[in-house]
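Here come two complexes built around chain A, the first alongside chain B, the second alongside chain C.
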Partner chain A sequence: MRKLKQNAISWLIMLPSIALFAFFLWTPLLQSVRMSFYRTRNIELVEFVGLSNYISIFGRQEFRQALANTFSYTFWSLLLGFFVPILLALVIGETVRGRGIFRTIAYLPNILPGLAAMILWSAFFSAEDTGVINIILGHLGFESRTFLTEVNLVIPIIVFISTWRGAGATALIYMAGLAGINPELYEAATIDGAGIWRRIRYITGPAIFNLGSTLLILQIITVFQIMYEPLVLTGGGPDNASMSLMLLMWNYAFGGAMDFGRASAVAVVTAVILLGFTVLYSIINKRKIEWD
Partner chain B sequence: MRKKRKAGLPRTGIIRDFDKKTIGVKLTLAVVYIICAVIVIVSIFPIFWVFMAGFKDLREFMTSTAIMPEVFDFVRYVRTWNQLNFLSNYINSFYVILGSVISALVFNGLLAYGLTILKPKGHGIVNKLVIGSLLIPTTIALVPLFINIQNFNMGGFFTPLWLAAGANAFQVILFKQFFQSLPPSILDAAKIDGCGQLSIFSRIVMPLSKPICVVVTIFTVNGVWSDFLLPYLVLGVGRWQTVMVRLFVFSTQQTINNDDLMRAVVFSMIPPIIFFFFFQKTLTENITTVGIKG
Partner chain C sequence: MKNRLCQLLLVAVLAALCVALVACGESSDSPTGVGSAPVVNVAPPEEIAEISIDVIDPYLTATITLGNWPPDTAPEHELALFEGFRQIMNAQFPNVTVVPAFFSYTLSSYLPMARGGTAPTLFQPPFTDPQLLIQQGLVADVTDALAEFGLLEKFSPSYIDLLGDENGRIFGLPRDGYVLGMHINIDLFREAGLMTEDGLPMVPRTLQEMAEKGRIIREETGRAGLVFPASETFGGWLFTNIAWNFGATGEYALQRQEEDGRWVANFTSPPMIEAMYFMRSLRWEYDILNADATTTNWAGTHNILGTGMAAMNLAANDSVAEPTAGRGLPVDSFALIPFPAGPGGSYALTGGTAFMFSPDTTHDEAVASLHFLNLIGVLPFVTDDTIAAQRAGAAAARDRGVPVLPGIPAWNDEGFIAMQRAVADEFSNVDMRLYDDFFNSFVDGSITLRGEEPVFTQQMYRDLTAAIQRIITRENADVLTALQQAEERFQEFLDDEINR
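Here is the complex of A and B:
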């Protein structure tokens, strides 16, 4: 009897938190799936329409473009965003004097509000001749560019800005990993005659690879949800060239049309793709997620 | 013969102290420091630039190619501050942060307390759901969350933002890991002394968990200050706008002056930068545990 009472009190203590999780995370997720099968008016579900939201979005040029763009974002972020933090970690790890300062400064952009960073960089990439990057290009003897209105440049630029903001934080994770390498390994390798490059190849490299495969998938999952960066910088333009899946969802829902059914269909498609990545993650990352 | 390096710190990278200082090694180290210099410039220059740009008026901002302003005129900052009425946005952000921190500590802490210490029958399923929540991309649930908030008639004020901080799976797991390391003997002693379950939490568990509470607080403050998508949906263009919502709405207006926009950006960056210099150790040391969330 006493045990029963204790259990009841324990559940009562957890109840408010559980309710919050349900309200902010669990029910919205289920609701997303449900809503994608309905025609909606404002925030109300009007009628069940089966797969027609899905058929409708797949028939739209903007959705197919957003899907392709999202993979393009992912590609560029692997090219830029994946290697820059590793380079940062390796280089800063080699310094002795000033290492703490280098770490701190590399991390600094990460604490800036993302929105402020995007607005700041949009001034840098301004199409005017007085935009900072154009001034630099001018000094180097190049023509001015319009940057964010160039179809081929807009996604790499957005990825570059995100990398600028995030690389220092990811580098700290790599640095922590590299600091965990047993120093005797380096000593032993040196005694065996291994130079710097062979030590990188046989000791540092494998250590980074372990950590990197985990961070890589997490990065893909994050980049796949890119939304506010193009929202602030380009609004998805020029001509949908930087439109991402999540931005398209935002536009359907909050861009005036209030088309929550279609927005949910986009969200569900994205979630399914992300689920695929997550499965891939758990296969690559053999350490299973701990359930305790 | 080379002299030994003066009583410096040992090398802990790939190049070690036992390496002979050959030309190759020296060259590599030179390149390392050059790259570090580039890192410093690329990280700091944009931030420095925007502070300087804030001193320029519109004409100078649009025509000058110089980094430094012609004059350091603080009046321009003051004018923009007053025009946009940033003080009220700062106060609103402060309220949101205050409520969010309390809610994050109380609700995430209580849930972790229930899952690691109380462990009532059937808690395993909640545990799985919370860890599963880590995998839910938050942006995907944004649309129905907005509808949830509308249905409960909570739009227009801070309440949903406060409560949202209390449903953070990462923080629950942080608390759990810490609670697991608490000595059970203390908790047992409290139980024998007749302490209730809630007072064990508030009088024993939380005071013993100060380090993790500091981490949760710092990351909540930083995250809440920067967030603008949900706050924008919740607060809209009304009088409760936070600094970031104000900046977002301002930046989407057609009629803004770019020099004012740069000053608004500076206003939004000053508190986090100050905060960073006070807490940079906690922030950088804990990034490995909290950092990978995108």
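Here is the complex of A and C:
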């Protein structure tokens, strides 16, 4: 009876969270899955159409391009963005004086509202004479570039901007991980003659491996849902070169047809791909633990 | 101790939840969060004092949120004008509460507001959207209020088609029309030596002249000859008019309906290919486009023209305030000319803006909103009060540096049109030689007015914009392939949405 009473109190404490999760997360999520099987009139369900929305989106050229672009975003974000926070954490961790200031500076871009940050960067990468980077290039004697209008550059630039914005916060997590490493390990390694690279390879690397793996999968999940960055900077252009799955979803829903059925189908496909990544990560992680 | 902590926590959490639920249940005076008018430091134009403040209907009771209110950041002359209108409305209808609620309509922002019950009572969508809003059930039926106001008999049949459904119910009313032309920054024409002896800019009459004059401007000033917004849907919108002038009409129209009712995209006709080659030449041969064309949106074009970064902009009469009062270009450095003709014709896109009502608008709210529209002089009635309102509006526009021009009326009411013209003449602040060609072109027939293509126009513009982006960002891009891809994309869309 006493246990039941204790459990009841626990459930009561959790109730607000469960209510909020159910209202803001689970209900829309399930509604979205349901909506993907219907023809819709804005957000109202009109007619059950089975897999027709899925067949339709897979048949569309723009969906296939958005899917390929989204993988491209992920590739570039891993190439440009995954190691930056680790480096940042290591450098700040090694800093003796003013560590707090550097930590704050690294985190500062996160405080800026996302849209404001994108508008700021669009001024930097403007192809006009007033673009900040073009002004600098001009002073250095280089020709102006068009940046966001170049098909091959647009995704790396957007990923660079996203990395600038998010790296500081991730670096803080790595710093917390680094702080947990026993300093005696470093002292012992130093006495044994290990240089900085060997210390990183044999002590720091293994210590933050699990943390890094988790952040990697989180990064893939986040980047796969990239939307407002290309929306503000390029609108998905030029020629759909920066169109992501989530931006395509937004276009289906709000771009003129109010086709929430197809928009939901895109969302579900994205979720399924991410679920696949997460399962893969869990399997690899489980095997690694078994090997260890 | 632990139990006590748990109990305290529980109480705190439940209290927070109660507060949150109460907050959710509370109604707000202003659905859009704009509850009161901003403080204005200038007086309304003196012309507004000529409007009667006698009580018209003491029994009409409603609260109306007006999305056509100027934003807090608008020039004080405009805010003062609307504040003046609000005070008069309060006097004429003591039980009607007017809530200023500036709302810059876009489909994406309107949809959640309409579904969530927070859309303003009155808002202003462009003519491309009313049919979609009606079909989606996102606007109120105001037929009875319009009939009560004596407006139904003033509707032209084309507006009944635009703003009504198949049952003859009407969901809005036209505000004004626009005709696409070209905005000119005269300062750059002067700097490039493109001025006549009369001191007028040597503006282009044809698309070919536009390219050539643009090149001269680029060479002489280093600025873009033409600002072109090749982003979102804007590029396709303007390109459609260029394509018409290359002959993409009739059998070569961008959309056509087959005998079996199926809609077909037609982007690979000879005139379309020729038009896209012309578009390509603007970038790679004449080099007259702004460098950021693929990321420039509609507001961006006005920034670029108004601040002297480009000399020409394909834009309409309804946006002359943007580069002038909005961006600081003096009215005597600005001109509006007809859309340049092409080898296949001389067409100009015509469209406009409507007034529509949120889906939960009641009859009394619709009537009160119509009274407000009448008060500000946009309904086709000529009385001393509407003349005073029109004069006050023109005075406020003149005071903030907007070219005061005759409008393109949405109502076929000769008395109302004559009154609008008389007011525009009285408050004119421009050299009409810089505008006459534009306004005469569709009266004397030198330009043929043409409405938007019939189905899913915004999606068509989006697909054409992608083709334009391809052409102007890749020098070796194949024009036909770009058009074929756009056509394929739009056909897939048509097959999914209306051909199924």
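Simple rule for what comes next: the second predicted complex is superposed on the first by the 263 of 292 C-alpha atoms of A that agree within 3 Å, B and C clash if a C-alpha of one lies under 4 Å from a C-alpha of the other, contacts with A are read in each partner's own complex, and residues count from 1 in each chain.
Assume a contact is a pair of C-beta atoms (placed from the backbone, for glycine too) under 8 Å apart; a residue touches a chain by one contact, two chains touch by 3 or more.
What you are looking at is a predicted structure, and each value in this text was computed from that prediction instead of being measured.
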Partner chain in contact with A:127 - chain B first, chain C second, else both or neither: second
Which of chain B and chain C A:144 touches, first, second, both or neither: second
Chain B versus chain C as contact partner of A:257, first or second or both or neither: second
First (chain B), second (chain C), both or neither touched by A:158: neither
Contacts of A:220 with chain B and chain C, given as first, second, both or neither: neither
Which of chain B and chain C A:172 touches, first, second, both or neither: first
Which superposed partner A:43 touches (first chain B, second chain C, both, neither): both
First (chain B), second (chain C), both or neither touched by A:16: both
Chain A: partner with more touched residues, chain B or chain C: B
Partner chain in contact with A:67 - chain B first, chain C second, else both or neither: neither
Shared chain A contacts, counted only where both chain B and chain C touch the same residue: 9, 13, 16, 43, 128-130, 250, 253-254
For the chain A and chain B complex, residues of the former touching the latter: 6-11, 13-14, 16-18, 20-21, 23-29, 31-32, 35, 43, 87-88, 90-98, 102-109, 111-116, 119-121, 123-124, 128-130, 132, 135, 164, 168-170, 172-173, 176, 178-179, 183, 186-187, 190, 196, 199-200, 203-204, 215, 218, 221-222, 225, 227-228, 232, 246, 249-250, 253-254, 260, 263-264, 267, 270-271, 274, 278, 289-292
Parts of chain C lying in touch with chain A, wherever the complex brings them together: 6-7, 9-10, 13-14, 16-17, 107-108, 111, 115, 132, 135-138, 230-233, 290-295, 297, 304, 309, 456-459, 462, 465-467, 469-470, 473-474, 482, 485, 488-489, 492-493, 496-497
Contacting residues of chain B [partner chain A, same complex]: 8-16, 18-19, 24-25, 28-29, 32-33, 35-36, 39-40, 42-44, 46-47, 49-50, 53, 61-65, 107-108, 110-111, 113-115, 118-121, 123, 126-131, 133, 135-148, 150-152, 163-164, 166-167, 169, 172, 197-198, 201, 222, 225-226, 228-229, 233, 244, 247-248, 251, 258, 261-262, 265, 268-269, 272-273, 275-276, 280, 283-284, 287-288, 291-292, 294
List of chain A residues in touch with chain C within their complex: 9, 12-13, 15-16, 19, 41-44, 56, 59-62, 122, 126-131, 144, 146, 148-151, 233-235, 237-240, 250-251, 253-259, 262
